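Same chain, two partners: subunit A is paired with subunit B first, then with subunit C.
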Partner chain A sequence: MTLPSSISTRLGQHGYLAVGGAILLGLLFVFVFVRGGYLLTVMQLAMIYGVFCIGLNFFMGYTGQASFGQNAFAALGGYGTAVLCVQYGWEPILALFASMAISGVASVVVGYPTLRLRGHYLAMATFALGLITYDISVQWQSVTQGYMGYSGIPPLGIGPFTVEDERWKLVVLMVIVLFGLWISGRLRNSRFGRALRAISTSELGASALGIRISHYKLAAFVIAALYASAAGSLFAHVVGFISPEVFGAQMVIVTFTMLYVGGVGTVLGPAIGAVIASLLPEIVRSTGRFQDIAYALVLILLLIYVPKGLSALFGIGRPRPAKTTNPGS
Partner chain B sequence: MPSVVELVQSLVNGVGIGLVYGLIAIGFCVIYNASGIVNFAQGVFVMLGGMFAYSFLVTLKWPLALAAAASIIVVAGIGVLVQIFIIRPMWERKAPMFAIILATLAVQLLIEQIVILTMGDQPRTYPEFTLGGPLKLGPIAIGYQLFWVLGCGALMVVLLQLFFNKTRVGRALRACSQNREAAALLGIPVGGMLMLSFALSAGLGAAAGILITPTQYTAYSVGAPFGVNGFISAIIGGFGSAPAALAGGILLGVVQSAAIVVFGAGYKNVIALTVLLIVLLFFPKGLFGGLAKKH
Partner chain C sequence: MTLLSVRGLTKRFDGLTANSEISLDVEEGSLFAVIGPNGAGKTTFFNMVSGFLPSTAGSITFAGTDITTMRQDKIAAMGLIRTFQLVQMFQNMTVAENVEVGFHLKTRGGVGAALVRPPWLRRQEEDIRVKARELLDFVGLGAQADMDAGLLPYGQQRLLEVARAMAAGPRLLLLDEPAAGLNAHETDALADVIQHINGRGITVLLIEHDVGLVTRIAHRIAVLDFGCKIAEGTPDEIKKHPDVIAAYLGTETENA
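Then we have the complex of A and B:
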């Protein structure tokens, strides 16, 4: 079943809302910069999750496939960075790219057979990948130090220049997110991106147009893995500590909430969702233990009533029809 | 290398835990065959079964049979609530498949957190149904609870087979699994059948949880591993009939127990998930054939 495509190339009547949202976001960042303190950390994490979600959006949003195991690649990135920097004294930036390369290769090796699966089977297989990675990161203590995790991971930097100041860290992360968004926006409207979106609308139709489905799915999966790996490395550098819990199944729920809050398949959605979903728990912090309950409830309500995400509701970032799979197929 | 005794002992333990996986797997199949939905929160019903049984049995000091029946009914009711408030609205809006999976994962998180808030995060257990034991066969020990698991598991499978093959309601459920539109045209209330399938699979999960808790423990977090292993069993069995799912569960339980002996307890989930990936890649229809294939 396909939805009518309602892609508008102009900002249209929602343009003012989009501009207003952008101004609001800008004001938020100014506020965070002036205020400093704990909010800076929250926004840093939001940016890191943003990188992760932008990548996930390639696979879930543009291509319309389900992966519940991208946290595996974030773990690979985080542990790659931690081991290379702490044990072998590598340059942070080199370690980041090396981990991304490892994740890329791993995602090809894992994705090539796995992506032949569809529907529930694909969902479960990818979910299994995340769980396997979690268990290995707990058990393989000689490399990962088990539950103890790694501490003392050096901050991000190139050569003698390191980013130690919390405000500068946020600036660097924002630049990285913007760069990630730029790539995402450019690729979305390229021949490659149009092919991905064709697959999400109809695999049969796409293959009739001469698109090699398996290659494009794999490419989207690898891109998502690269982003996830970068997010994992950034987390390690910014926080300076990683443990298996960081990349656990909770990460799947959190990132999906972000993606759905922002809007699946839109360019800006993942980043907006990451910011909103990171700030929400801080606002309702007074509720303490109810935080996870609130997260789950918000996600369920969104999934039922606004399945394309909040930004689709407001028309931000050119919404496009999300993938519709009949639950029975 | 582990000795033969260790391997045989692990085989015995594996059959016990595998039966429980099998019961959970049947729960997955019941919902999947009625609706095409995979309820990833299935494991939570297992946890709830153990939790409620503990409350009724230990805190309220009810007799065993009453406590077990009461927990099964309560958990089945929770399954119906999940279906009414979360699954049905999404179902009616034709939500995409992965959105429903995600919602069931969120349900799992939600219920786990509510359990922490109301009952705490301490692991609990209660005594085996028949005290004494274990039965000694030479160097191999068999706990009495294993016989309870075997007996109740077999009984439930037989009852389910009778239900699906002999009763009108069971046949209606099977009709839904084959072709929902045709079933609706024949006057079968498809929505009601979906609700029934949730009640049934939640009750099955609760029964599994009540049976297994004395041999290990129950805590808010045990649901996810049980759910994943049950789903793996269902995939190995091929989402077909109840006996196939049960066989898949026993196979997984035995492989897992053997893996614990060989590789150590820490890797048991890694092994189970690797089995899953292998089966998915080479036998996408399951080892025992997808008898109830979806079209």
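Then we have the complex of A and C:
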């Protein structure tokens, strides 16, 4: 194969996948927009979780490291936003970015020592990070208002423009998710992204080629924290209420499900997983008291028959080379 | 000129002395081989030289700089690039992408550049794509460029690892048992590649079990046994060396 054709193949396949995914998601969103009501809320939350998962995918997917504690940074984002907006009357957009900055610094401080650990030890340490943050959010009542949480958090907006309509909220969240995906795709197919992916399969091989492992792991961890913080802030603005439970262990489980159902390590997987795993409970609800069993059953079937995640389905029918060069497969 | 100079290199694991007082000099441009029976301490020696294992005593000097306690990625940045006995493939990437990772040291750009993609970055990406193809053609894997690296047969994975190491622009290339597990045909192809690399002016330090391969291509050979260097010389000298024959070659020369 000659060089130019290989380049066009890469771009072409990327475009193919993006278009295919966009059409499917587009149809889904049209349905949700027409239907309105409760489904809008479900999709809003799916988008917020999507932002979180796209970030987590940098650390768990591209770099192949386990973090059970990225919810800590979502909590930081959520509470940062709540405190800055409610107590100090900040602009929501400023509070979001300020919280992200705080989370970024916190993730460097926490990640620097923690990322010396590997495998199960790293998983345990990060899990502890989430638990500690949860306890702080419960106990530090003067700032967090404990179990009561914060309510009356203003909706997203810049200056006089605020997003209060439920449909518009979803539109804004979708744009943010698309932007998050764009960043993820660009970074994945770059020198930076290649270094992360090299680390995920062979740290020895990567460091022998001059890749500074600790540096790149920390970078992926910080990126994941920034996305998580943004997701936390978005939750606060969109729902208007946060409490410690929002960012608890449940969030870890839900986002893991999303990541693996959608396809860990792929660009679109986290967003697809977030949508599917959010809609699934609504679909199986019709089975009444068996809904939890039905939900679990569907998840198990997905993991057995689509182990690489739903985004891998887009690769069906395409030639092998395209599949392997495609960021989404 | 001496490119790599090892003096009194020693490694002890608790009671076991894996490497004892090993000294050797590798001349720039040469093809140097370290041989020895299984468990002689070859890989331990290699791991210390490439910075993957701290030494107990002794010093390693590369291109005039003491690298004894330097981190692996910094050693690599100086131009000392290694491969592994157990192939360290990036399984989740294509063959071409594996080589593109190899260009890490020869390229620049982080998160910001990746997002903005300024013209110099596009040129750089184009450039490494072309060069990656050239290197794959060089080791004979041009046709497999878009395959999943994990799907390559073992022998080709080894060649890919060599191509990837070449991408990093080595001054000294350390090959850790590159012929292990290869059949005769693959070994010949590999010997060819190694000689071509050396022909490009790159110094090669080779650890090998396959004595036939080593005596055929190496300029100079050091022999390890039980963690000690027992001999060093040209292939002809080594073949005749009584200690070497006793320790290693005596049973191996017939089928080598």
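Here, the second predicted complex is superposed on the first by the 269 of 329 C-alpha atoms of A that agree within 3 Å, B and C clash if a C-alpha of one lies under 4 Å from a C-alpha of the other, contacts with A are read in each partner's own complex, and residues count from 1 in each chain.
Please note the rule applied: a contact is a pair of C-beta atoms (placed from the backbone, for glycine too) under 8 Å apart; a residue touches a chain by one contact, two chains touch by 3 or more.
Just so it is clear, the structure is predicted and the values come from calculations on it, not from any experiment.
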Which superposed partner A:L218 touches (first subunit B, second subunit C, both, neither): neither
Which of subunit B and subunit C A:A198 touches, first, second, both or neither: second
Subunit B or subunit C, by number of subunit A residues touched: B
Touching partner for A:V306 - first (subunit B), second (subunit C), both, neither: neither
Touched partner set for A:Y121, first subunit B, second subunit C, both or neither: first
Touching partner for A:I93 - first (subunit B), second (subunit C), both, neither: neither
Partner chain(s) touched by A:G210 [first = subunit B, second = subunit C, both, neither]: second
Touched partner set for A:L25, first subunit B, second subunit C, both or neither: neither
First (subunit B), second (subunit C), both or neither touched by A:P113: first
On subunit A, positions contacted by subunit B and by subunit C: 1, 322, 324-325
Touch list for subunit A against partner subunit B, complex: 1, 60, 66, 68, 113-114, 116-117, 119-121, 123-125, 127-128, 131-132, 135-136, 138-139, 249, 252-253, 256, 260, 289-290, 292-293, 295-297, 299-300, 303-304, 307, 322-329
In the complex, subunit A residues that touch subunit C: 1, 3, 6-7, 9, 183, 186-187, 190-195, 197-198, 200-202, 204-213, 219, 223, 265, 320-322, 324-325
Footprint of subunit A on subunit B - complex, ascending: 32, 35-38, 40, 86, 89-91, 93-103, 105-107, 109-110, 113-114, 116-117, 180, 224, 228, 231, 235, 266-267, 269-270, 273-274, 276-277, 280-281, 284, 294
Contact footprint of subunit A on subunit C as seen in their complex: 50, 52, 71-73, 76-77, 81-84, 88-94, 96-97, 100-105, 107-111, 113-115, 117, 126, 129-130, 133, 145-148, 161, 164-165, 167-168
